Structures are given as C-alpha cells and as structure tokens.
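In the part that follows, the structures are each spelled out as structure tokens.
The two complexes that follow have chain A in common; it is paired with chain B in the first and with chain C in the second.
Up next, the complex of A and B:
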C-alpha cells in the first residue's frame, strides 16, 4: 500500500472505517503472536521429548543392555537382579546429573548472554565456571571437604569471580568487549590455579583431574547430584519470574527503565541466580566445557528471536550434556569425559564468534 | 483519558561523578503541547530528559509529575504515564517489528497476567499511526534508518503514555524522514493530546514544530516560551556563540535562524570586502 493510501486511511481513523482497519491489524497481530506461540510450544515440547528419550536410552544401553521393563522397574524402586546395581547405582545418577547440570549450564549461560547482550559473555568464557571449578578442586583435593561444603565453596568463588570481573571491566562499559577480554584472562589464571592444585595431589588420578579441567560425569553418585537438584528447584523459579524483565533489558538500560523495569535490581537478582546454578553444577561435575556458551545460541537458532530463551536453552543444555556423555562413553573407542566431547563441539563456534566480532569491528 | 499532566522540574541539579551538568534548573512542561529543548552540545539536554524520566537521580531538587516526585514513583506505574525514547536504543538481533513494538506493552502487563486483546489493539494502533503495519513481520535489522526510527516510536506509542519524552528522535535521519517523524509526533499530539517533550538539534525544525521552546545553556534555562519569544539573534549568540539572522519562515511563519559564518554571506563580512576591492581601480 502506498504512503498516500496509508495517510488517507489514517486521516479517516476517527471514522468507522479507520476503527475497522485497526481492528483488522490487531487481529493480524494476535494471529502472528498465536502462530509464534504455537511454534515455540512445539519446539519446547520436542526438546523436552528428546531429553526424555535420550535419558531412557542412556539407562538402557551400556556394557549390558537392559530392556525398558527392567529400567522402569529399577526407577520405581523394585529389586531387579543385576539391573538394580548397574542402572540404579551407576547409570541413573549419572544420567540425572547430566540433565540437571545441563539445565543449570543452559539457564546460567543464556542469562549472562542476554543480560550482557553479548554471546561471548557466557560464564564459562568469562571465568565464573573456572572460579567455581578451581574452588571445588581446592576444597576436595587440598581441604578434603564434603559435598555440601564443596558446593558452598564453589558458589563463593563463582560470586567472587563475577564481582572481580565486573570491577576490572567497569571502566569501559560493562557490556563491552572489555568484560569478555578481562574474563578470558581471569579464566586462564583460574584454570592454571586448578592445574596447580591437581598437580600437588599425586594420589588423584587423571580422570579426576579431567573432571575439574573439562568436566566429567564419571563415577557420579547420588550425594553429588542432590545439591544440583536443590539449586535447580530453588533458583529456576527466581530466573523464570524475571524472564520478561530480562528480555526487556535487551533493549538497552535506558529503554528498559523507561518501560518500568528496575534494571539494577533485575540484574542483581538474575546474576546471583545464574552464578548459583553454574557454581552448584560445576561443584558436582566440573565446568563441562562450552555447554553454557553453546546452549543459548543453539536455542535461539531453533526457536527464533521471539520471547524468552530461558526454557529452550535449559533443555538444549540438558540434551547437549546427555548426548555428549553417550558419545564420550561409547562412540569413540576409548572412553572420554563429557567435557572433551562438548569442548570439541564448542571450540569451532567460539572461533567463529571471535572472527565475526573482529569483522564487525568489535561489536556483537 | 485525562491528558493534562503537569510535569515540572524544581531547582534541579544533575551530574555524573564530580561533574555538574544541570545546575539549579526550573522548568514547567505545558500539558498537552509540544515542547522542544535546544542547546549546544553537552549543555545538559539529554541529562535533563533522562532525569525527567527517572533514569538519573537528581543531586538536588526534584522532578514532579502530577504532584508526585518521579523518583519516588514505582517504575512500572510511572511507565504507564510517562514514556521515554532514548537516543540510541538497542534492538536485539533478529527481533521482528511486531515483537519490538509489543515490548512497549511491558508496563501494562503484570507478573502473571497474559497478553490481552487490549495489548494487540495498542500494538495495532501504534503500527498504523507510524505507518509500519506493512513491516510488522520484518526483522528490525533489515530496516532503513527512517523505518527503524518509526518502529521505535511505534514501541513508545504502544506504551500508551500521555507524556512522551524523546531524545533527538531525528538524529541520523535525512531531511524527509526528519519531517516525517516530527509530523507523526504532531499528529499524535493533536489527535490524542499527548504531551511531547523532545530534544532536537535542528533549531529551525524545533521552532517550526514546537509550541513551547526551551533553550538551555550551561545547565540552566536561558530562555523558555513560544518560538518567537525564544529564537532571537541574541539568544542564538548566547546559547550557541553564533552570530545569526532570524527571519520569519515564509512557509510557516515560524522564526527561522540563518547562521552567519565567516564566508559566503552576501552584503556583509568577507564577501563585501572582496567585491568592494574589485570596484576600486
């Protein structure tokens, strides 16, 4: 429609014709929104179904195969010879932790990326996972603390690193490339600290070292899993209740404030919750490489730019960890810890983003 | 809908860090009219606008909307009466026009309340008023500068506030789009009685479109009133440090400022000296 037509339409907007036109546009708007909503729900449903299917498969498949009936029996608490130990003690906690940690990393990662408006500003790139990991390694190897104390230690370190990176990068605008670069530096320092702690503990084997450097689910038992589940139950509702405010802050701090969002408070609450999720998960299974970094962008690619990415990216995180763990265990001849597999997936994307950032002159 | 909102700044002092930008400023925004704020770079125009919309807490003094201090009003409640379009808002990558305009409904939606048909209607009206209905499903990244600015204004319109503050809404637009945006704001003011306050760079467009013109210099109001009262040669000299001629715009009757630079002015300055040297043998 030409500009002249539109202008005449607008001139008549006080008339019935104008009102009818606005009503028809409104119903178009409503239809578009309903269509996007349906698509969004369908994608979320598919992701959840995929997580469930892979979860059940990982319980069934292994050195010994157990049928769905036996697996269900174990999950329901029946005593199935053989399966009760293999599935109930080995596979089930491992698969549950894979899902829980994936959810934590997916949620925490996309929260940071959205809040700081930068896909590189994910907690595993800017040092928060590294801080939690170094603290957990130190707490276990050097201080010999129990699981709850390790989690507390990891959280304190995660928060301390978040504050440190914030303060070091405050000068140049926090959302900028400066924060990412400062964070990468801090992460490198903390990773070497982890390596130092591990090198001082001769009785710890290579598998354990790999857990704190790249993340691993090997030897998962229930006491490790419980704190992560508690963190999810407590912190996920906090994040979800802020999800709409979070998507409005993407429009810039001034615009978000003008739309009635209390930007500072939202940022504080959301970052505390995200650091909590990341740190609890890291304390249990190490900083599974790049899951926090990858989940948000993958979810955005699948679901499109409409609405909050929190739930889709949490599910993508869970799926990534589950699938990567299966691949690491069975597909490659030797058994690799999950973080090695996700690292192989994540590194090319990181390179792609950095190349693109340079091309765009530093803005993402 | 009551549109007569009083927006007043009283003895307002604003600053960043050690720097005082606005100093003991008094300003009353006439309700239901278009106010334009003009002034040299860094004179505190944007700072004043940010403070009026609660983004910047005053060092001293207050901003009062309908008798209530804006910095004590809950953010969401204020955002239903007073909207602000900042100078450089950020569009998330890939967001569609309809989605962006829909974000303007944020202050009208509660924590749990779902999107309503009133929200759809507000978005539709905003799209129609800004002639962006045809762009609704396009991605904001793909739009031209003029289209994008209209979309941002549509978002601010969807907020359905009776007072709308805009920080340089015409920056980076070519002249036809500048006029288009200002016409749109005038339509809005005439049809809904929206109180518009905008910071503008172009003095002549400000004088043409504003009912009330405010000239700021060094963080204070140098002059405020109708364009004819404010836009004078003395005022331009005091505010911008520029010699000028002010004449009536033959097309609108509004005052129009013609800068006198050091070159090209016929009948005065260097040009006359050149021609007089020619006439002397």
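Up next, the complex of A and C:
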C-alpha cells in the first residue's frame, strides 16, 4: 500500500469517526429534547390533574358534604335538592372564579417577568394590580357601577399604571431595578388611594376593604365570574400565540429582530393582553396577594428552564388560589380571605428569593 | 459616644460654607411654621372654632361645644408633633446608618413590625398596660430592623439601596398579612384592625402621650448625641474608624435610638410611612449633610409635616376624616419615586 492510500484511508476513518461522533451528539440532543418534552408534558398534565382534583373536592366538601354524583348532577344542570343551592350558587362560582383568577394572575405575572427578565417585575409588585384594585374599589364604592363597567375601569387603570411606571422609570433606557423601585412607590401610593376610597364609604366594611387590599373570593356570584372567563377566552390565545416571540425577545432586542421578531409590536400586544388579564381578575376578586409574583418562579422550579412557562405558571396560579382559598375557609378556625393566606405564604417566599439571589450575587 | 476633634474639623469646613447664623434663622423660621400649623390643627376640623375659643380651651375651659372639641384636639396635635418628630429623626438616622437615601421606618418595614408585635401581644398575651405595649412595639421594631438589614446586606456590595428597599417592602408585605391573619379572628381587635394597618393620630390622649414621651425623649437624646459620629460614618467605615470612631458601636447605638423612636411612635399611632423619607431629604436642602443640624431640623420638619398632613386629612373628606398615614403615603410615594429617578443607575 502506498503512502497516499494510507493517508486517504486514515482520513476516511477519521471523518467517519467524526460523523459518528456528531451523529451521537445529535441523537443525544434529540433524546434530551424528547426527554425534557416528555417531562414537561407530564408536569403540565399533573398540574392540570391537581387543579381538577382540588376543584372537585372544593365542590364536594364544605359545611355539608355532597357526593360526586350530586355534584356532577348540579354541574350538568340537574335540580338536586339542597345541593343545587349550596353547590350551584355558592361553591361553583367561587371555585370557578378561583381557577379563572389564578389562571389570569399566573399568565399575566409570568408574562411580565419573562418580558422584563426580572422575577420582581411582576404586576402585583410594580403596582399594576394595585391600580386596577384602586379603580375597581372607586367604581364600586363611590360610583356604584355594575360589573362590566367596573372591569372597564380596572383595565383602564391597569394600563394607565403600566404606562406611568414605564415612563417614570425610563431615563436613558429602562433599568430593571429602577422600574421595580418606581413600581413599589407607585404601588404604595395606589394602596393608600384604595384605603382613602374605602374610608370615604359610609362605613368601613372590613370584608369589603380586605377584598380590595389583599383579595378575597367571599360572596362570589356568577355576574362577577363572567367577565373574567371572557377575558381568559379572548386573551389567552393572544398570549400563547406570542409565546415563542416572547422567549426570543429574552435574548435581547437586537438578536430578536435579527431572528425576525417584530419586537415593539410583540411587546405591545403582550403587555395589553397581560394587563387585561390581571385587571379583569382584579376587578372580580381584588389583587390576590403575590399569586402573579409566585406562579412563574414556582413553575420554573418544577419544570426547569425548558420551553415557555406560560401554561405551567397559569396552572400553578390556579392551584395556588384554589388551595389557598380552601385553607383560608376551613383550615384555620376563622374564615380568612384568600389574599391573607397567599400573602402569609407568598411574602416569605419573596424574602427567600431575595436572600437567595443576594447570596448568589446575581441581579434579580 | 466618642467625640472626636477630627470629625469636628471636617464638619467645621461644611459650617463655613453654610453660615451658622443662617441655619439658626432657618430653624427658627421652621419653628414658626410649626406654631402656625399647630394653631391650624387646633382650629380646623369638622367644626371650625374661633381663636377666642381656642385660647379659652388652651386655658383649660371645656364648657361649650367649640371649646370641648378644641380640648380634644390638643392631645391629638401634640401627638402629631411628637410622632412626626420621632419618625423624621428616625428616618434621618437610618439614612445615615445604612448610608442609603431610601431608608425610612415605613419603607424598611420597621413600623409594620412594631405594629405586628403590638397586635400579637394584644391577641395572644393579653397585653393591656400602655407601657408594655410600647416595650413590645420597640422590640418588634428592633427585630424587624435587624432582619431587614441582614437580608438586605447579604451578598456582594453589602446593603445597597435596592436590596434594602426590596427586603423592606417584602418584609412589610409579609408582616401586613400577618397582622390581618392575627387580628381577624379576634372581634375585639379586628374592630380596630385598621388603626394597626394605617397609622393615624386621631386616638391621641394625654395619657397615651404621657406613656410614650419618656421613650421618645430617650430615643431623641441618643440620636442627637450620635449626630457627630454619623457625620464620620458618612465618609465610609474605614475612614470613620481611622477618625477614631468605633464604627460598630456607633452604628448599633444610633440604630437603637432610631428604633426606639419609631417603635414608641408606632405604639400609639400605628404605622405611618414616608415621613422619615421626605423630611430629612427636604431638610438637607436647607442645612446640608451635617447631622448635628440635620437631626434638629428633621425633628421640627417632621412635626410640621405630620401635623399639616393631619389637618389636610381632616379637611379634604369632611365630615369624614382620612387617617394621616394615607396622606403621608400620598405625599411621600411620589417623593420616593423622585429620589429613585434622580439616583444614578450605578447607585441603585
């Protein structure tokens, strides 16, 4: 065998080895992707199942117990003595609003956190929920408007606050930390406006006050629930259809536009949709404390950094509100509004998050 | 407190820039404003009263509706003056100790902590004596201050304004939820739950005032004595140590003074935010950064602000009243935003 043949043979074998290596890496990647996809689907399925189970349980269990058959009958619209009122009028709207509001808060919250690349930039920390809540309280207590008008008021205020916070923190580019701090200030002001509106009411009604300051599902009726459901049906597809663009904008504006994402338009649509979800939910049950803030990080913890967080964090939000409402109603002797429970659970998590990121030395 | 001549020299330079006489004149003018505001606070309310009746009521007369209502406004006004001074001085000292422009007893959650301690004491430990309420409030304030400072100073860069403000906001949100959770099951407390969430001076009486005044006096003296050392701290820990200050001692003592001030004030008024933020910043415009002048200025300025805010709260929603805590938040939050906007990006 001549030297040239040897060389070419060696070259061929090394190319073959390289190709094999590339193929094996590619198959590893594909396998990993498939594994993560499976895991992701499994987690989402589990979360949805958990929401469903807790939902059915809250319909069955209460001061009086109703079997699954009776509950199913009521849900299907049959007339079941006793259960029709307790389950149909009291428990069902409450549980449905819990899920719907949880989905709204989870979706809206994680959208803001993703878009601004900062877990602290969730709508309940930067004042958007407080704005919607102050407007809703004003519309109900001072102007005595009906539910649809209250929702309109809340969404207008939510958008106005979003614009205000953005403009106030825009100074040679919006810095994440400045936005969060400005938002905290705006939230403080709006919360005291809410307190002012409520103190102008004929008498200080504690339950009503707690609804607008921390969020509550007490006394939920169908007319409150409908606008939230409509908002979910209309706005969720908008957000989900933009979820890929949203992930790409995380790479930075320039990279995103190079990859064909129209950054400004994506951002505008996404903000409108997220603020809409948050405001509609807030107009119905108040700014349930920390659900918007918590859902995203919890979902990320469960599912890992793969793919969009929108759906998982919406489910986490629904689960949080449902479970917190059950705990607030039955676990503690006194009936606590759901916002007090999520506040007591959520604020320590916020502190933990701050401690953890401070330790790691990274920016939040 | 260590008194050093070197730090005195540093602040003498500042004194040359701002003549002492001018500052004294400003302080007198501010005191004049305080007197005017106090008179307004006595005359204006849901019922306006003539000056004659005010004077008669100050002389001790309680006959007639006008004079009786003025007699009720006297302790309220005095409480506003005392609490305003206490909160503003506490804020100025906290800003000095943490070297953080956003420090304020309300923003750092210290007043909420005091409030939660009082509510817990009332609900679970059958507290009733006013003095023990003050003690409990001070302990709650101290624990919260320590906690927030620890959380806020973890990690790289120490206690940056952002980390402190966030830790404070988070802690205060958590504590507010706990206040509701503790108070709600107890009908007797939840009737007054509002006064433990939003501060007001409407409940001031001479007896409650008498119980906190000793605490306020002690706190004020401790803070004023540490003014000179705070000037050295402003140069940074290493330089302050070089100037002969025992940094940890100074920091601990002056923080303790501030905590006593806002804890005692909160025990009577409930949590009032932003006074300790707004007043020291406004006073710095008049006096500069010398704490020996800043602290007295803040005391008078805080008294003016809280008394005026209370008058505004009585006027705008007649015949109802707005708690002064709402008014101060409405004034103070835009101010907070202004400071955040003004601060350089790197400083945040």
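The working rule: the second predicted complex is superposed on the first by the 328 of 364 C-alpha atoms of A that agree within 3 Å, B and C clash if a C-alpha of one lies under 4 Å from a C-alpha of the other, contacts with A are read in each partner's own complex, and residues count from 1 in each chain.
Definition applied: a residue touches a chain if its C-beta (ideal position, glycine included) is under 8 Å from a C-beta of that chain, and two chains touch if they have at least 3 such contacts.
This one's a predicted model, so the numbers in the text were calculated from it and none came from an experiment.
Student: Which partner does A:248 reach: the first (chain B), the second (chain C), both, or neither?
Tutor: In the superposed model, A:248 contacts chain B only, not chain C.
Student: Could you say whether A:306 touches chain B, chain C, both of them, or neither, answering first, second, both or neither?
Tutor: A:306 contacts chain B only, not chain C.
Student: For the overlaid complexes, name the partner, chain B or chain C, with more touching residues on chain A.
Tutor: Touching more residues of chain A than the other partner does is C.
Student: Tell me which partner A:327 touches in the superposition: chain B (first), chain C (second), both or neither.
Tutor: In the superposition, A:327 contacts neither chain B nor chain C.
Student: Answer with first, second, both or neither: which of chain B and chain C does A:43 touch in the superposed model?
Tutor: In the superposition, A:43 touches no partner, neither chain B nor chain C.
Student: Could you say whether A:57 touches chain B, chain C, both of them, or neither, answering first, second, both or neither?
Tutor: Neither partner.
Student: On chain A, which stretch or stretches are contacted by chain B in one complex as well as by chain C in the other?
Tutor: Correct list for chain A: none, the interfaces share no residue.
Student: Which chain A residues qualify as touching chain B in the complex?
Tutor: 1, 3, 6-7, 9-10, 13-14, 21-23, 25-30, 32-33, 117, 241, 244, 247-248, 250-252, 254-255, 257-262, 300, 304-306
Student: Report the residues of chain A in contact with chain C in the complex, numbered from low to high.
Tutor: Spelled out, the residues of chain A in touch with chain C are 120, 125, 168-169, 171-172, 175, 177-178, 180-182, 184-186, 188-189, 191-193, 195-196, 199-200, 204, 206, 209-210, 214, 289-290, 332-334, 336, 340, 343-344, 347-348, 350-351, 354-355, 357-361, 364.
Student: Would you pull the chain C residues touching chain A in the complex into a rising list?
Tutor: 102, 151-152, 154-156, 162-163, 165-167, 169-171, 173-178, 180-181, 184-185, 190, 193-194, 198, 273-274, 317, 320-323, 325-326, 329-330, 332-334, 336-337, 340-341, 345, 348
Student: Please name which positions on chain B make contact with chain A in the complex.
Tutor: Within the complex, chain B touches chain A at residues 50, 53-55, 75-80, 83-86, 88-96, 98-100, 102-104, 106-107, 109, 111, 115, 117, 120-121, 123-125, 127-129, 131, 133-134, 136-137, 139, 159, 187, 191.
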